[in-house]
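Chain nomenclature is as follows: A, B, C, D, E and F, assigned in order of appearance, with residue numbering initiated at 1 for each chain independently.
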């Protein structure tokens, strides 16, 4: 136990249905202490489906994988491919970085960064997805390494980013890290 | 669509089954763009169940709500009820705070804090749960307010905590915040 | 084939669930030429049910049997128990009889009848129910017998009544019969 | 609630399965006060099916739509396409019209009509289907318009026809209308 | 895979439902190479059930365990409790022993045995049940030990009995063994 | 009742699924007194299936029909097609015949037989399959006919063979018959 059956209209690709059965199993096992070996989940296809008095012939589109989306976004920003990164942002996108104001454009972010680092990059250690009502929250944490403006090199500096993904696009990014802890204080 | 049916042995309380149907619906809607109105999930009871050649008469125990567990833990630590807080920790518990070393005992945390703040408290704005294989990750974010050792009062300082909950107990806590960004630098 | 399963919340009485499995079988057999012997329908109970983001603990109330309701109404009118009959009428009730205007009150009907018959009664031969979207239509047909004002006795005069039942009350009655065909013409 | 699943062998056309899920939903909602939004019905395909010790590879044939069949029949009779109309009649077909005897052949009907009208036609306002055990009853009601033999033109004269459809053919027609009420009495 | 669900009316005892899920799993695994760990079978209860136009409120009675029945029969015969043994026999019972004629009464069997052994008893090593259409066949095999009329003692003599169990009673017993092989030939 | 649904991954041939629904029905009817007419069993296809944290795309292979396998084996041995017969044997195969020692090779069997018969053949009257955990037992019974070494011709001599089939190969054969009972004793 448990046995989880999800009935869908046909038409989804294999990867979408796999993500579905995996997540249903995880959701169930987050509520009850069921071993993986005893947790079965599967997709059944309904051939004809009606709700609310209407026959529906096609299910809702698959969402892109939110974790992969966030990974792409971070990689594009790190590579300074701003046009490509921007395609992953929802209207109304905002981001906030440590000690900084709310920003809405990637150019602002780059300007903000230019005043802080010569360069910086992430080593992502964990990605956690949270499945909410209309929003998937992605937390991505690990360590930063790079060089500050003054040439101070750092690595192993803990960071965490929190993303809200809505409709397959990033609506919000919040960033925390320990850089302020580790950089040498001005004397 | 989708229609999600989960078959369980009877014996769970109402709240457990409600969490189950809610999470199954969220898990499914994280994969496909199904409106809440078209997402149905329900618990069916199997009367007799066999897997692996054995009849099982009772399902796995319900897990405590990981978000509530984390909320309790934070409240107990804030109230300095260390014995009560400790009951929520798994063997092998570790925690790491900004700029600090790995700690394993709550007393270390208090000592570390005493060197930093006169007092500090959290305003929790969001709790995000991530349902993993054997572990539920809880991210809790919001703002800190309090007074530093030197009397500097602060509020609205962003923080985020990441907890790993295993078997209904907290195994790991990681904390990030912007305090180092906002406190005045020594001259 | 077909095998029809209907999943409900528990709480319905036996008669309601029996009507349900009977009607589901009839509905299916109206579409495909399935023999009764090969048509299976059954009620399963969901223990916990969620749709549209909300857990529902109780299903919609059972409707009264529309055919029985119509039978009661006809019997009460025939017995001139107008108060009792009126309890079965929905707000906005209208009725129309052969050659007559639209009436809204049972008193009008009695007045209309008093100008036509000394007495009249129905022998109901068939009741047909039609299950529509929010309305159940009941057709009731058979023969009339009675005595006209002028003493002319009749029987075997075909009639049919069409009722619209909404929310367990009668919203509309239409009556047809052959009385005008059979009564002797004035010379 | 309710969630209605009907398991069928594959091979039906889309329209048949759509009628099936629509009718199952209506049948269920005739018994309990379930809103359309909360009523789900769907067709699942069994790949291999056995009952009564025999594997069956093909389900019973779909029935023609009884309402459409009746509509066709009325149109063909009105257009005096008697051969075409006759193809829709079951062996043993009988019909009865106001004040008239039982007829078995469409030619009798035309002869009967010729003594009554120069012409007559129907405006169908409602068609109600009743799904019985081996028989679908169709009631069709609305108004007549036309010209009597003596040149008296009429319209808005209420009528209702009751058809019994068995095995996709019409077995019985009963007709009522108010023509006798409205035509001027001979002096 | 496979996931086997059997829908029953409630009312069976726990042991009956356990036998049911066990046998369904074995039946499935006899057809496809599914590991026990991946074979799930469970009983669901239908609350209201209709087939063939009739609502059925109670399922067919459980059959007694055919292997236990056969074991009881053999023990009773061995203990010469003929009345008790006879209660397990169906009308029309027949039995056949090595080299012997068809017998219908247990007394005949005892007479036949008296001419062969001073005593004989079975060590049952395996019982195999075969589930047929209206009949369960039980094969019971192992070894005999005892003493022949002439005092010759034997043991480890292979035997097999084949029983047909119908409606919870034994209809037929066929016995084979190697006694004729092992007993010393008369010189 | 009962209604048995087995959910499988697609990919099995028609014959395999037919055997499956037949055996599930027989297994259920061996436990409860359900008439064949009221016993429904069917195969549903899961499109995507996960257990134990892994998505599985293909179900376990179908087993060969154990009764047919045994029939083939007996025919090949009778025809002295030893190479072909040997292909149906599992590693570790053993067989035991009346009064004989355990044999492991078909050549031993032929040698053993040559000392007993000029020829012998089986008339199979019944084959019974028993579905166990990892093993299917096949009992095959009927009569022998043939000629002994000394020219004594026999027929109608009862026999029974018990086979254990594992993984589609014969692991064990045990044979009983009445030959020792019927052959004339040496004087």
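The definition used in the following text is that contacts are C-beta pairs under 8 Å (C-beta built on N, C-alpha and C of every residue); 3 or more make two chains touch, one makes a residue touch a chain.
Since the structure is predicted, the reported quantities are computational estimates derived from the model, not experimental observations.
Please find the path from subunit A to subunit E through touching chains that uses the fewest steps, and give that number.
Each step joins two touching chains, and the minimum needed here is 1.
Can you list every chain that touches subunit E and also touches subunit F?
A, C
Could you quickly compare C-F and A-F and let me know which has more C-beta contacts?
The greater number of contacts lies at A-F.
Determine whether subunit A and subunit D, two copies of the same sequence, contact each other through the same residue numbers or different ones, counting it as same when over half of the numbers at the interface appear on both sides.
different
Return the chain whose centre of C-alpha atoms lies at maximal distance from the corresponding centre of subunit B.
Relative to subunit B, the chain whose C-alpha centre sits farthest away is D.
Distance between subunit D and subunit E based on Cα centroids, please, to the nearest Å.
About 58 Å, centre to centre.
Hey, how far is the Cα centre of subunit C from the one of subunit D, in Å?
One centre to the other, that is 18 Å.
Note the residues in subunit A that touch 2 or more other chains, in rising order.
Counting only residues that touch two or more other chains, subunit A contributes 3, 5, 7-8, 20, 36-37, 40, 42, 44-46, 49, 51-53, 133.
Which chains touch, pair by pair?
After working through each pair, the chains in contact turn out to be A-B, A-D, A-E, A-F, B-C, B-D, B-E, C-D, C-E, C-F, D-F, E-F.
Mind listing the subunit A positions that touch subunit F in their complex?
On the subunit A side, the touching residues are 5, 8, 10, 14, 17-18, 20-22, 25, 36-37, 39-45.
Taking the complex as given, what residues does subunit C use to touch subunit F?
3, 37, 40, 42
Which residues of subunit E touch subunit F once you look at their complex with the stated criterion?
Listed in rising order, the residues are 1-9, 12, 16, 19-20, 23-24, 26-38, 46, 49, 51-52, 56, 59-63, 66, 96, 98-99, 126, 128-134, 136-137, 139, 141, 158-160, 162, 167, 174, 176-178, 180-182, 185-186.
What residues on subunit F touch subunit A, complex-wise?
By the definition above, subunit F touches subunit A via 7, 44-53, 55.
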